[in-house]
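Each of the next two complexes has chain A plus one more chain, namely chain B in the first and chain C in the second.
Our next item is the complex of A and B:
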């Protein structure tokens, strides 16, 4: 149960393009919306209209400022959710067998009927991917929309995670990262996709694509040629005279 | 990490309880008759009381029995088994002491060994977590075992062993604090590795994903206690080690043990509160907090 599968041939996961993400939080809303119905306990909110609202989300979008050594700062929007790690520490710590990684596709899931809500798996996850639902008392995490991706009652174009389906800029990609020929694997190879916190030894499946290098014009400022104004005629004569006084 | 009262009570009381039961098992303290009934009962009450407290923070405690199922991989599950095994193996020894059945002490030694394994499993629940660098260290089991041994020896009215174990405990705590202070940096996780943006430049938090609180901030990004960490360390060491030592040296025997255990217990609670409050989870990096 909470032993990890030796290896999973198929490794379903997400590839998130940090170059394209505009930080609109549509994926957050779509995720909350889809996971409020159907699979498992609904994602509850506590005091949603009060002074101190709080709630369970499976996906959160951070914004970071990055300052390169020799260029102006840039803003990077950064969605954070479960990375469906190969060596998932959240699975092995679970005392009840509720937390498990599927051998067939590598998705890390929680069997809510067996979850005692001890929170140890959330402690074990370096990425903050798991949140205990305060209403149901069970651990919630990204399911990679397991109830969408294999759901034959949905039109084929909808058989991908809600966050991927909804992303208006196409910054989120879903596929098999275990297959080197899949579209997502090729995208990762082409764009230099990376894993988060590799030093934690979790071997994440999800990959992030770095922001593309910004253009760096030769001049210090695009406006520089416009600023170098040479006055002519009467204004030029005036400029010369006033400069000498 | 959030210092949840249930977990603090659990680790402190069950640690002391299993330490005391181990001492009773080996015959370090060998009560007979009704004294044995109450002394053993006290040990069982501490151990079981701690275990019961640990269920208070569960979201669904009615399914707690499922926690016995994953002993192959989970330290929490192993702890559950070790605790029950200890309590069962020591039960005949306790009965024998109470009713004078003359059971060979070998059973007691096995029980004592299991009690040590239980405390080790408790400590490994925390020490296994790599995402909390301060905990992911062999000094954590050392501290937990030293607390159990020192507390057990004191409750067993064995001042010499208690003094020795208190010295071991002091060294273990110092070691844990010293190693813990450099652990986060040594683990190598930074906002650069957490976001992978370090290859472009120096990342910093621009805007948080949500304005309100959430489970992560409450449970893993607890920053209240660290400001006074050094004062609290002094208080913990003073109460858990120094005060019991002085009282064992200076006071008459009966009073000495009561005072020593009382101080030690308060010190243990302070140390354990700090153990959680001081521990930083790497997820805090995403929020620009530690």
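Our next item is the complex of A and C:
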């Protein structure tokens, strides 16, 4: 068993806007590209050109269909990665101490040297956010690009996770959710950001912004602009319309 | 346990080289990180005008493209039967000598016997120039099966098109309406733009039978029935006209709405009434008298009637006010309720006129009239293949431009803006050049914009001059050619036989052809003498695509990180509305195979053939390679492929070739931008500050202000010919079709595919996944894990109606073919429509994939259901399955029926596995030595970069 820090003042995490995510998978491969050459073992692929290709990804996008009773069906694109929970069951379940949560910023990491690849943490995580790398035999997970966000060899503007830097629609935001005045906290407050599956009691740091209400044009008020002109016959119409110049 | 020490600042790489992405057609700037000389990481270039640092799923996976085992490794000569895949590797010298041996006699005797067509080529101004030097009329790129309807309708109407040639004013727009879109054109700019709209809480409406991607984030979704977009749009125009919610001042000043349409029966009827100087004119509201259309202070009268001739505006209003365009009349056919259509019209009107915006920017128009500010109609539109890949696509795209124009929503603040070198009036484009003279270059460019029947590419006997029948009566405005007809026509000898088919980067033996199985047979078919019907095929590609097996000579191309390229203002640049932009690629890594950049090979071949512009007076090669051409070629004096750093390095647009230009581009991140002055930023077709800037920056030799063409005089000229006027006359069997299709005002007619009738009640569509580009993505180990196979999505009505369950397959039957494919349920879909991802299905053995890859076993193409010809009509004619105006392949006209067949092991049809051509081995992570090293590291517990240092 591994202990969690009593509390972390800084809670770094992601805010993902489900109203804006078009499901393009840019974050998926940007994450793969960075972390393939970054923290820890490379993200291997098995049978990459064969019948059943599979590989390690720290971030995946799923698409869900929602069928409201009173509106057309919708698709919600849903990126999924580690939520850097305050009460992270993946940490407390780890038998070797490899899985840990950083006291200074709340990031949950795996010390790969201590990881025996037993998979208990993946089993404990209710979000399916951990993947065992089949080549390296160690558990892989989102690091919030810990090797980018403090990286002094990078320009300051690049010190953010690779998925956030690459997101074409700007649906992904990074910051300190422990600071109520941070841009991400304010975004969460303004848009009703929610934690994923709070009933699990894991207290996720990441937040999702819900899709705005859709398919509800206010038809009554909107029709007003069409009601200005009433004319009979083409000549009458022409006179009325051109009289407006 | 205490946290282990971490290295939080590991160096990312040894070096960053900036070049241009080519994982799709978007052309983003990328930072390629190199470690120990190898590509180790790719990210977006923050300074780049297209992507501003972001990158899509394809772009970030480029590292797996340049290491893919599908890469060809050396020139190949066919040694077995065509299609067998039996090749021998040969040297470049042997390959080029063979090509010269085949091509030189053609040039000396019958240059048209070479048909040279390129696929997703980004160097068309160069490849076209090469073909022009060779002297064949048979050149085009792939626009004929892509979106030529969109391009041509835009040019003929607005002097610019959607594609990536225009953009919504993302900063100011207050309503965005998106019609069916191909995600690979302007891919990241549209995503960035949607993000900006979302930030500002701007409403977005998606009009698309399928609610995925951009439509998934749209605030409202209108799940229209395929092929009826034009009807919906004209109904919106009806509502706006009826309510008087149109921008009359804009129509009067900037469009041909006030021009007078000749009403006298005869050869001039429907053309504009002209004055003694053969100029159209307007009636000035101040005097009631004729006045020059471009006269200072003139106030054109939209309601004028002069000597019995009425204005375009009156014709237009009369047509669209007719009850046939009322929402109630079109609702059922569109699959959209009348109330919804009226609500959309009302919303457009509200935003355009009640929420108009004013920018405090004085400007002067082409008449010399001064405007104190810029008034904008903040309604923006974008559209692409969804509306254009129908046989009514040209007129539908024109209808959408009409809607934009009546709202005053083109080139005004908040609306939709053109990107330099557009706007450019149709009259400023060339007309087609096609007359061959053995041993001589063509007299001008192949492709152009026809304005009158006299400009068609016809031989003296009236038959088509081009193998694809572009610019013929069958499709007069085929501005991009008809690549999809080249192989069928060459095989049929209609209009004539060719000798050598030369293709670049076009997978015509698979996903780029309609009627794929038949095309494969055409490529291998032999005459009674035992010769191939298409005698010789040369193909250049970087990868082991399905087409490779069908070529006689393979010229292996490099990947995009190993080559020079030029993204040019002469072609398809990377401009944005506020800046002209162009870019380069350069070899950020050297090829590890015996491959060469195709453009350099073409120059070498041209020099060996002695093509005039490619040799010096002494016969030696004029250009060292493509990089040398990019820098030193001049299209006109002082104007070359790149606009930046010309002359002494300080000149923009015009200037002598600068030997340091390539180095300057590399130093600048691989691109250059020439910024539009602020006072020139909107109203560009009419804004003298813009016109002057466009001349200085080399787009024109003199200012070219013009009026938008609501009424298309070029189209009317073709209608007149069909009515029997003029000396260049269409064949009788095409008269009725031309009278319909060449209507000078936008119209809607049912897609030709609807003729399939009640046996085929369902529309079938394809879409491009955002994470794949055509067939390329499947060779990429990361991308194929995202889309490794496709399924046919069925709407609820069909899914429940036939009792489909998970794991089922369906038999899908069209008038020309049958496939059996896996299905899945999707509710967010027009109830008469099924769809799938395109180009995921692969032929066994292709692309360096194992023969049991899911792309081949479970993936599939709809192409097998789509014929390049319409079903036989008993008249002995070969009617193309295409738009009758442009020849655009009507992929989306497809009608099918669906039958549940239960679970199956694999899709049908299946074809024999292609033998593996000689290609690069391995693939990243596939090298046994690397695997071993990885194992050792694990055993030794040795940390990797970023940990425990």
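The working rule: the second predicted complex is superposed on the first by the 215 of 245 C-alpha atoms of A that agree within 3 Å, B and C clash if a C-alpha of one lies under 4 Å from a C-alpha of the other, contacts with A are read in each partner's own complex, and residues count from 1 in each chain.
Going forward, a residue touches a chain if its C-beta (ideal position, glycine included) is under 8 Å from a C-beta of that chain, and two chains touch if they have at least 3 such contacts.
Source: prediction; values computed, not measured.
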- prompt: Regarding the shared-chain residue A:24, is it in contact with chain B (first), chain C (second), both, or neither?
  reply: second
- request: Quick one: classify A:238 as touching chain B (first), chain C (second), both or neither.
  value: second
Message: On the A-aligned overlay, A:10 touches which partner chain: chain B = first, chain C = second, or both, or neither?
response: neither
- request: For A:226, decide between first (touching chain B), second (touching chain C), both and neither.
  value: second
Task: In the overlay, answer first, second, both or neither for which of chain B and chain C A:41 touches.
output: second
- prompt: Once the shared chain is lined up, is A:102 touching chain B (first), chain C (second), both, or neither of them?
  reply: second
Query: Following superposition on chain A, which residues of chain A contact chain B and also contact chain C?
result: 2-3, 25, 28, 52-55, 57, 63, 65, 67, 73-76, 97, 114, 136-137, 211
Message: Please output the residues of chain A touching chain B within their complex, sorted ascending.
response: 1-3, 18, 25, 28, 52-57, 60-69, 71, 73-76, 78, 80, 89, 91-98, 114-120, 122-128, 131-134, 136-139, 194-201, 208, 210-211
Task: Name, in rising order, each residue of chain C that touches chain A in their complex.
output: 1, 3-4, 6-12, 35, 40-44, 46, 51, 53-61, 63, 69, 187-188, 191-192, 194-196, 198-199, 211-221, 223, 239, 241-246, 248-249, 252, 285, 302-303, 314, 317-318, 321, 339-340, 342-347, 349-350, 353-354, 770-771, 779, 781-786, 788, 826-829, 848-850, 852-854, 857, 923, 925-926, 931, 934, 938, 941, 943-948
Field: In the complex with chain A, residue positions of chain B that touch it
entry: 1, 57-61, 63-64, 66-70, 72-77, 80, 125, 128-132, 187-189, 191, 193-197, 199-210, 212-216, 219-220, 281-283, 286-287
Message: For a test of understanding, state which residues of chain A touch chain C in their complex under the given definition.
response: 2-3, 17, 19-26, 28-30, 32-34, 37-42, 44-45, 48-55, 57, 63, 65, 67, 72-77, 97, 100, 102-103, 109, 111-114, 135-137, 146-147, 150-154, 157-158, 162, 165-171, 211-212, 214-217, 219, 222-229, 234, 237-242, 244-245
